[in-house]
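For clarity, chains are labelled A, B and C in written order, and residue numbers in each chain start from 1.
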Amino acid sequence: MPKHIVRLLTIIAVLVIVALSARFYFKDSSFYQYGHYRGKAPAEIASKLPKIQGSASCQSCHKAIYDEWSAGIHRKSTKDNAVPGIVVKAGPNCEVCHTPAGNHPSKEPMPLSVEDRMTTVTHSHDHVHASNIPGRKLMLTPDEMRGVCIACHEKMPGRPSIQPQVVINAHAGEELCTTCHNPHSPKINYDKVPRMVAMKKAGVGNATAGKVVSANCATCHGNTGISASGAIPNLAGQKSIYLANSLRAYKSNARSNGIMNAMASALSDSDIENVSTYYSQNSCKAPSVDKGKAAAGKAKFAEVGCAACHSSGGLRKPGLAGVSASQVWPNLAGQNAEYLVSALKAYQEGNVKANQDGARYHAIMTDVAKTLSASDIENLAAYLASSSCK
Amino acid sequence: MTNQDQIENTEDTGVTRRGFLGLMGAGVAATTALVSVDSNAQFGQHKTGHKLAFQQNEAQYEEALNNPPQIPNYNWNDHKWSYGVDVSRCIGCMRCMEACKAENSVQEDANHHRTWIERYVYLEGAEEALVDSAADPKNIEYVGSEVHFRFDNRYKDEKVDKAFFVPKLCNQCEEPSCVQVCPTGATFKAPDGVVLIDTNYCFGCQYCVQACPYGVRSLNEERGTAEKCNWCYHRITKGLNPACVEVCPTGSRVFGDLNDKNSPISLFIKNNQVTVLKSEMGNKPNLYYAGADKEVS
Amino acid sequence: MEQVFGQVAPYIGYVYPNETEIPWTDLIVIYPYITGLVAGAFVVSSLHHVFGIERFKAVSKFALLTALCFMCFAPIPLLFHLGQPTRAFEPLITPHFTSAMAMFGYVASFYVCLLSLEVWFAFREDLVHLSKTSKGFAKKIYTVLTLGSDDISPKSLALDHKIARILAMIGIPGAMGLHGYVGFVFGSLKTREWWSSDLMPPIFLVSAVVSGVGLLIVLYVITCKYRKVVPDHEAMVGLKQVLWASLIIVLVFEGLELLEMVYKAREGIETVMALIKGPIWAGMSIQWGLSFFSLAVLSAMMIKNPQGKKFVNWMFVCGLAMMVAVLAMRWNVVIGGQELSKTMKGLLTYYPQILGRESLLTVLFLFMGPFITLYFAAQFIPPWEDAKSHPHGKAAAH
């Protein structure tokens, strides 16, 4: 055989051997173990950690809200109609609205929420501050907030009739869904949702009739609601619904104060509405305070996030500090500093069960107040007292 | 059986206290191994999905069957997953789509989905349905984001004869076209019925994207590999439901194990007249629809 | 409908959300096209080597070199297209035998090897001469390429010739297999109505021959003009006959395929018709218009048998027209098939990108590759059999 053919065949042989050994070397050892794939692959795929943790995982820390949800219509275990015998869970669980928990709570706060701010306030040592994460929004805009609800509840051709649906603008105008509905248990129960009790009775008071009733209060609270002493709260310009709620709370002894319990017990329901309306229509007057304390208080007010409730614009668009956006929450601007101090201290001492001996409990206020030092309280009170109340 | 050898040896040499404990451990292990081998062999007998692999002889096949992948508390020989969709219950909220994207790190835009919802609307007198989904520009414009999904309400002022929403996802076919055409073996059908993608082996030729009759595959440009629903294999192997089933607020998505006669899916199939999509393709889907319209394909 | 997002194809009707990004784009148009160009060149050289048709002697070695240069570039578009190009070797290591695509690596490498061997045997005599006449670095390379053997005795040349003939004989089914296989990659997908046809492999095969012969005509005419040589008339007549015959087969097959699709009128035929009238209208016009134009010109030339410059010019026009027509056909098949949604309820429209990994720019560079390679290869081992070519080589031989 000619020399060039021999050499050519040699080269081909070498190439074939190289190719075969390359195949042997590069082939994954687990390939062909179960079939035409890497035998390691299924375990690799299965080893990924779930990001959606399920509602049960929320229960241990958010027990109150979990109970609220699991008792309501957003969580129904029903006997399925279409398929006899199967219990199918219906209704959104926590992560449908709050987005998947992922690393929460060990590393991340939950992304969606008013709670976002609240958790960072109440558990500030355990959480990364949401506001420190670039690109993260603190709260949802009103449109986004409604978007969460209308994703399922907007009236739309194709939605089965069993699904509750609304034409959102006709149903609620510009109002937020959460004004009337508790998203965790959205069916409105007028007896159990305090806000709704107030809503039902809002604006029924008669200011003229209220002025007559107010004669009983004038000794302490002044003729128009500017009180005689710093320890006694000003009532002029206060939210009428807040005032009425407070009087009802005193009347039922839900809130304890020797004098007020006695005074409120003498008032009828219409008296309460009338006197609240009367005071709410009077104009307030800001007392003078220490300016240094007020400046320190202003910083603390922003840090703690009081504006979420006690500002006319909320956290989204801060407006007048101490003037609440909601009828349910009290105005603080122009309130007596001494009274504010005692109120905050009362919240600090409050706990879930005890609501007596001057102590007050409120799910949010107590948690917030416990993060404050005595000087913080003085400063905040000074700042709020000095703020414009109109 | 090395464990049995150990037992005999230990008996011969005498039993110390420590040895006795070891013996007990070995015995338990041996028994467990025997039991599990038995049960696997039983399942192996009536298995259809599992076939002899290339370059594999009978003994190796038997060994593979008896040694399923090391997934904690899970043996893929014991399960036969299946999925059902009750079309009449779907409200088109698209929570499943967002949950799926978050759970599986799917590309965050309107053009890559492991699952999606289609809206079918028959306007008054129309013979054919108008169909749209998340990739529809009008829906994207309405939400103002490609990350969040919602149907716009474009038909609210129209007269509508019939309208409904249809969830779509991977059918995990019995005869998957994607597996047939995959040149490398990066996608495969596991014996528990799920078609998986090995993203460490896929080289992104997208032949499977072409071959899938249901359009459930796409290319994940960030990973450079194919992307497809695997019924949340990392969840179902841990005893959880797939993410979309977990979040579905109306229970229109049903998931379970066909080997369990009382699982939701077994009852769903038993109690409904179910259909599959595009049966003419011969893929034998494992995704069953109850109440799907003729236009749904 | 206006285009809303960057790479997303706009659509009408309803398409699956995942379909809105076209998976196979320009690069997959150019891949079967380049592969196809190999076929024609190879067929012509085989007609000479295997069937001993002497009229092709003038172009047979050039055809072989052209085939090799284009085949080397055929897999490159695929590499650019892959999501993970570094894993491209996987189908070679663990080929999945049920996949049409898994075989590509083997088929292509087999074909490259075969062509290299053929070229080597065809050019060995020239290489030996060149290694003796050239100087310096070039001499070294020529010597390495001869594998250090200067044996060009009539006996060993006869053996070479025999081996080359056997290789060419293997090459014919190989080439048929390769191009039929490319058609199979598309035709075997039941999912896409526009692809799923039994006629797809023969159509790819014959249209490959058409485009390849067209390329050979174009390149031969250009190189002759460049070398100031009159193109070999016999060879041109032979090319004319091959082009005419294969063009007729292609047109019949393609016509039959369309006819069957329309006649069967399965679900979604309206959408298929809308596809032809809509997104690929221009492509279809170019494909069929140029095909019929070439057919008319070629038929006229078959009857009138013109001579000289006029003949060469018209052949050049026909060759170029068929190259463009087949490129349009590849576009219509590859892109058209994906523009027709799997839902059969919608149509996408694909707009190619100008810049980027999978873009027209990449296509342009990739398509220039084989021509540049061929230019240097023809300088290095001149393939010309006609009188005035590479003076020193021929002079040395005699």
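Assorted remarks:
The criterion applied here is as follows: a residue touches a chain if its C-beta (ideal position, glycine included) is under 8 Å from a C-beta of that chain, and two chains touch if they have at least 3 such contacts.
Note that the structure is a prediction, hence the values are computed from the model and not measured.
Between B-C and A-B, more C-beta contact pairs are found at A-B. The most distant chain from chain C, with centres taken as the mean of CA atoms, is A. Inter-chain centre distance (chain A to chain C, centres taken as mean C-alpha positions): 67 Å. As a whole-number value, the distance joining the C-alpha centres of chain B and chain C reads 42 Å. Averaged C-alpha coordinates give centres for chain A and chain B that are 37 Å from one another. Annotation for chain C: residues 94, 96 touch two or more other chains. Annotation for chain B: residues touching 2 or more other chains are 54, 185-186, 201.
Residue positions of chain A touching 2 or more other chains: 28, 31-32, 36. Only residues 1, 4-5, 8, 13-21, 23-24, 78, 81-85, 87-88, 90-91, 94-102, 104, 185, 189-192, 338, 342-345 of chain C touch chain B when the two sit together in their complex. Put simply, chain B touches chain A in their complex at residues 50-51, 53-56, 64, 69-71, 74, 76, 86, 88-95, 98-99, 102-103, 119-121, 148, 150-151, 153, 155-156, 158, 160, 163-165, 185-191, 196-198, 200-201, 230, 232-235, 237-238, 240, 243, 246-247, 249-251, 254, 264, 267-268, 271-272, 290.
The touching residues of chain A, when paired with chain B in their complex, are 28, 31-52, 54, 80, 82-86, 88-93, 95-96, 99-100, 102, 147, 151-152, 154-160, 163, 167. On the chain C side of its complex with chain A, the touching residues are 89, 92-94, 96, 117, 120, 124, 146-149, 151, 156, 159, 163. In the complex of the two chains, the chain A residues touching chain C come out as 2-5, 7-8, 11, 22-23, 26-28, 31-32, 36.
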